[in-house]
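Paired with chain B in one complex and with chain C in the other, chain A is shared by the two complexes that follow.
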Partner chain A sequence: MKYFQYRKTWLLMLTVVTFLVLAACSSDDANSNADGGEEPDKITAWAWDPHFNIAALEIAKEAYSEDINLEIIENAQDDIVQKLNTGLSSGSMKGMPNIVLIEDQRAQSFLQSYPDAFYPIGEYFNTDDFANYKLAPTSLDGKQYGLPFDTGVTGLFFRTDYLQEAGYTMEDLTNITWQEYIEIGKDVKAKTGKDMISLDPNDLGLIRVMIQSAGSWYVEEDGETVNLVDNEPLRKAFENYKAMIEADFVKANSDWSQFIAAFNSGDVATVPSGNWIAPSIEAEESQAGKWAVAPIPRLNMDGAVNASNQGGSSFYVLDIPGKEKAAEFLADTFGSNSDFYQDLVLDVGALGTYSPAADGEAYQAENDYFSGQTVISDFSAWTEEIPSVNYGLHTYAIEDILAAEMQNYLKGKDLDKVLADAQAQAESQLK
Partner chain B sequence: MSKVLKRASLPTASKKSIGRRFKNNYIGWLFILIAAAGISLFYFYPMIRALLLSFQSGMGSNLEYVGLDNYIRLFSDPTFIAALSNTFIYLLVQVPVMIILALFFSVLLNDATLKFKGFFRTAIFLPCVTSLVAYAVIFKYLFGVDGLINQFLLDLSIISEPLNWLSDPVLAKITIIVAITWRWTGYNMIFYLSALQNVDRSMYEAAKIDGASSFQQFFYITVPMLKPIILFTSIISTIGTLQLFDEVMNITNGGPGNATLSISMYIYNLSFEYSPDFGYAATVSYVIVILIVLLSLIQFKVAGDDK
Partner chain C sequence: MNKLLRAIQTNSLFVKMFLVMVISIISVTVLITFSTIRMSNNLFMETFSITNTKVLNQIKQQFESYSYSVVYTTINVQNNGTIKRLLTKENVSSLEASNSFYTIKEQMDRMFSHNPSDANMIVLGKNNQLFNMKYINWSVSADALIDHPITKNSNQHPNEILYQFVSEGDFTNGRPMIVATKALTERSTENVYGYLYIPIRERDLREFYEGYTSEGNSVLVMNGRGEIISSNQQELIGQTSQKLLAAAKETEENGIEYKDVHVLDKDYLLLTSALPALDMYLVNLVDQELVIDNLVDRREIVLISIAIVLLAVGIVFIISRRMTTSLRRLVKQISNMAKYDFNKPVAASGGYEARKLANAFNYMLNELQEHVDNLIKAQRKQRKSELEALQHQINPHFLYNTLTSVKFLVKENKKAEALETIDALIPLLQNALGNVDETITVEQEVTNIKNYVQINQTRYGDRIKVNTLISPDCLHYHLPKLVIQPFIENAFFHAFTEKKQGFIQILIAERDDRLVCEVVDTGDGMQVNKMQGNKGKRQLFSGIGVRNVHERIQLLFGKEYGIEVSSELNKGTKVKIILPIIDENDKNNTISKDNTKTRFLGGENF
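Then we have the complex of A and B:
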């Protein structure tokens, strides 16, 4: 019996040791969290496009009046969203960056999902200096969380040589409606054999561009109420989309690189897109002088303008040690430095929404790639006209529903039914 | 024969001696304890937390308990139903096709007269070595509008204009099924192949002498002998298909619309694509758990493992 008891003690001790080790591990974690109050010597920033927003951060680092040890980490945008969601929801801010770039249409979802994770930076810069439509998505409950970065103002990029071959000039493409665009597209296809546009059937980005030009969105002003079934601009946008597919001038793509390839290879005649696509177009040097930008087509209805927005993002500061440093850095560069914005435009073609910068020289400069067109000043003029809408929280959830219904619509389902079904689905899903 | 094997592998101990063993083997239990603690900590604890999470709802970190609301929501969620039916289509089409192909290949490769056996085996097994993402991306380009598959079909004049593999709801599903089949057939084949090596050749010889055709040999000797393995692989494949994610994510991203959306991909969307609702995402993931348990039970029943 004694023999067994000895064994039992042994077992007990091992168990105790195991638990001690485990407990030690977990308390270790707790300690390091509590210790996190000290200033880090390094500020990290996450962004996704090496030709665009990462390049902009590099320039900002140079332009900063003080020394900063800024580490810029490139992550795909999807990865940033994923990492933020997992990191912030775990409640531990370990491994989170100081500065992160978030797309405007996603911003509210983050701000409201993780109310304590972000640091309000409204006191560091003057919000009046920025385009008005950028402020709503980047603030919450009267506090400014985001520092607006690029505009996402859209334009209709087109191949002048193809359009000319079909008999169209810049003027024929200026301030047109989407219906006119479709007619031109048919003509271009017939005369040059080139497709008019490249679309990803999964991505309704173009629909969003269309409806914002008429001041509408998937949700109403409050950002919550689903607005699909009685949404006239959306209805028109769907009709246009279907007309494009049926006109047989759409080159399908299924991801970003195929989309880029579609115009870099010279296969499509136009690219209606946010201005951030310009560097990707310019990357194909052999096509220099063959591109121009017209205002984005509008919906054929009252109140629609030839200006819209696609994408566009802003910088956010996370509420972790180093936040003051990070906020000061952003405020000193993106928040107030007009000269810096000139460099930004010249070096990376990134167009900010900082209004005082529009008077600078670089904004008036002619762009050789676009045959001497003053692209930047055109874009900043269109920026002023972008209707402000509240993106709300559910853009991408609703868009997936719409994308599914779009397939039904293309197959011949009645449009009234399509929108009514989408509305019903969205309402049940977004309680 | 399989029954004989199984019985032999079972411990022959009687009840009494098991009881004594229990007392005698504290040290043995100690070893198990560490593993058991590890499994509890890293498997059971998260599972229970996920179960609790599935009763909560809310955006991001603002979660609150909502009872069974999430489970009720499942039934009126068309996206979930679409994901579920897509997954079942993959399951019902892909698993049988793959199992039959794998059986076919393994029987071919088991032929004693076949030359370069090692080469063929490696060739068919090789897809399993590739990374899921890497092969999915390659498939995406193969099946693109300008892809190799379309070029090939055009050159052979099988089709007159390029097919939109990835943007047609039916073709996109076919693409996914072809991709998974390519990736996993070799994996299942290896199981069959190793099981076939254990089948006594004398049975085939006896059958041949009795005048059985190759088909009869296959259906009356090979298939019954492989039954436990077929059951095993079909369960593994079913589980794998229910968890399908990488291929759908990388090849079609769930599209067009949600024609190829899988349940796992929907979980991802709920957590990371939309305003994050981890509670509802956990609920959907529990549906997969329940389905796997149910389907495995059915498979055991159908396969008639009566013990």
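Then we have the complex of A and C:
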């Protein structure tokens, strides 16, 4: 009988164990996706321009010496800014990319607001290889966070045919001041009927170009103190802007596509802009040979140079799992690969700030569209001259205020008052 | 084949039991499995339709709030004098343009903030001035837009907000969009001075509901023409399905909660909600099979069921095997019982029941054995007393005749002969009255025979001679009383009716470890079977006759001993009595040789 009791117990045990095993089988899937702490095999990157920075990332992916599962996600720049702000301020890094492209003028606001969110990548590449003016906006407290992507070096693109018709040559446009530019513009308008420039009244990009060429910005060196009312370069820039409007050679645009349309349609004679506009100009093939690039005009004051910067951007790595992989990828491509930069210039037209690359062949190449001008080489040379400024945190907030005051100024408000009011508004708003 | 059949037959209890159990286990499991799946399906569909109705309502609210903000924005733009003024202006200076561009954007910015952030807002004037709040979403040019059908539709219905679907193509940078359009009209003249567009990319519209969808549970938005303008199943976007539209209309109008439909080449459960303000239908298609498959893992349930069945069948197999095996063994033992004279107990093993049964059977067997033993004992006792009675029954005629003979001898003064006869009679009687089981030595028997013969010869003369030939080594052997005498008597009185003269020979010798006594006469002979019938009662010496001897020997010593009679007419009869060798000195040894006898003798006191 004892044997039998033992045997029954054994059977019972077997049954229980079997059910447990079956039950365990069924709930196996539940626990798998819980932890995100491990190294992911997919690296994600956010960028905004499929023809420019996204294309550059694609090339980098090809050029990378190792295998990488890189997913590039296209987002509008505004969306990237908004998503980053939302994500980082909530402290949850969920859904954040490993690599994100940030415009230099916005970079400090992110770095300073969320210093722990970004991963310092200064050890992965040699910062001395990059243009100096790119390092200030991309670093914080001595730590390098950004890997510079494109320069944003500016130039004055102009229609050679229109200017010739008005009696001007390349010589006449080289190393001029904005006043000289306005005079030329008046001539062009009078002789050809074409507007000289297309501007979006809501975007003071041209003002920024002007003041950086004189080494000034909306804020002082510390990046925080609002510097408008006693800012001489800004004052001069405002005067120049108003002079252009009053000269009546400005074609207003309200968005990017209209801006592009303005020069693609042949309505304007010059485009003072960052070098990244070149692919958009070249897109209009009927105008091949009719364009040239001169150095950007400078402010008529001491210390102003014929070089400035507009809208360059840099790559940042977020401090989330996969950061080492992402940093290694960036360092191996954008951080140290000269050959890759040649491809970048040739295929995408993106001009990096990696100085060793400037010796490469592609940088010396002549550009047929620009009548054989060595455009890249020229931009490269101007890049070296760009004065370094601290963009600080509040570039776009201040610019909104300035844009409103600019309209008041155009309507006749006194410039001193305009700047004083803007200063007051900015100070109260940014306190 | 036969082997298999026999195996099945011998195991038939097991086979039946096992089959019944297996069939019931399987059928119970199958029934439970199916009803579980069916019940969960029903329950799921029930809850699913309830949840999805609520979900649809929530999505509907999102769409309504979207449409509200579109209406609100439209009214604001329509009523905005600045926008109207700037849209109607032509040929302005840079200063004016700069000013108006700035102002209009500022105004639009203010109004645009009411809109869901993903929607765009475009204002287009008759003067080809275009203001785009989010050119990155849709960088459309004024020329392209003003000639597009959506603008023309708007122009034809200037007082309505039209929600128009623009399928993917160059016009929208390859992204399908839903554009709310409204012509901006002067209130007094009803002149159209511009257009307002509130485009939302399909993928942004999708976000209104995408979170509620899953594989097999899709949502699509259909306009009043049956065109699918948005769906989480992107391949459906741009298709037109009148059937789906009809089904949606029907469910909506009849207030049905859900409906089974076959659309887009598949069977679906359809839930719908109308968006009359947008002239759209919100349709929720549930691929029942897929969703249920995802939710209820049939394969797993079936696998678990199979595992349970296998386990149960295995356990049933082991248990029933154990139970029936012991029973089967028991049955086999019992059916073989006869071979072992019902005295071999069955082995008690196996399950509780089998062991109880075996024990009971053994107990019964023992009782039976005992009973049979008792019966045999009683029978033997009875037979013995019968024989004894016969033995003691000295025939009075014999005594009478003998005494008469003696009387005549005395009368004739043959005193010596008379004395001799009486001397012979006395031991004869003494011998006959003893115990029927008692044995006497061969020597004594011979003496008895001689006495008997003498008496007979005294009475009937000596025309029949008797010779005895006894092997001297046999003299001390024992044999039962009155074993040989009846044959001599028989020979005396029946063998010599014709011949009148002759010999009777008595031979006793040991042969093959047996004591063989032969009574041979030279008389008439007879037919063997007749011997039994002769019952000359008067002539007999005692109740023990020829008839009893054989029986008595076998009773005493077993089947291998007894009488053999051979006879030939006119030549004589030969009776062979075969007995065991009983040596009184080592009687026990001799007896123990025969196992069968042991019990017989063991039970008696000799």
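In this text, the second predicted complex is superposed on the first by the 397 of 431 C-alpha atoms of A that agree within 3 Å, B and C clash if a C-alpha of one lies under 4 Å from a C-alpha of the other, contacts with A are read in each partner's own complex, and residues count from 1 in each chain.
Simple rule for what comes next: a residue touches a chain if its C-beta (ideal position, glycine included) is under 8 Å from a C-beta of that chain, and two chains touch if they have at least 3 such contacts.
What you see is a predicted model; the values in this text were computed from it and never measured.
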item	value
Touched partner set for A:S428, first chain B, second chain C, both or neither	first
Partner chain in contact with A:D248 - chain B first, chain C second, else both or neither	second
Touching partner for A:P201 - first (chain B), second (chain C), both, neither	both
Contacts of A:Q407 with chain B and chain C, given as first, second, both or neither	both
Chain B versus chain C as contact partner of A:Q258, first or second or both or neither	both
Contacts of A:G91 with chain B and chain C, given as first, second, both or neither	first
Chain B versus chain C as contact partner of A:A76, first or second or both or neither	second
Set of chain A residues, in rising order, touched by both chain B and chain C	4, 11, 14-15, 18, 22, 78, 201-202, 251-255, 258, 403-404, 407
Partner chain C, residues of chain A touching it in the complex	1, 4, 11, 14-15, 18, 22, 25-26, 48, 76-78, 195, 199-202, 244-258, 261, 403-404, 407, 410-411
Complex contacts: residues of chain C adjacent to chain A	93-95, 97-106, 130-132, 134-137, 139-141, 297, 300, 304, 307, 311, 315, 352
Touch list for chain A against partner chain B, complex	4, 7-8, 10-11, 14-15, 18, 22, 78, 81-82, 85, 88-89, 91, 109-110, 112-115, 117, 201-202, 251-255, 258, 393-394, 396-397, 400-401, 403-408, 425, 428-429, 431
Contacting residues of chain B [partner chain A, same complex]	23, 26-27, 29-30, 33-34, 37, 41, 59-62, 73, 76-79, 82, 140, 144-145, 164, 166-167, 169, 252-259, 269, 271-276, 278
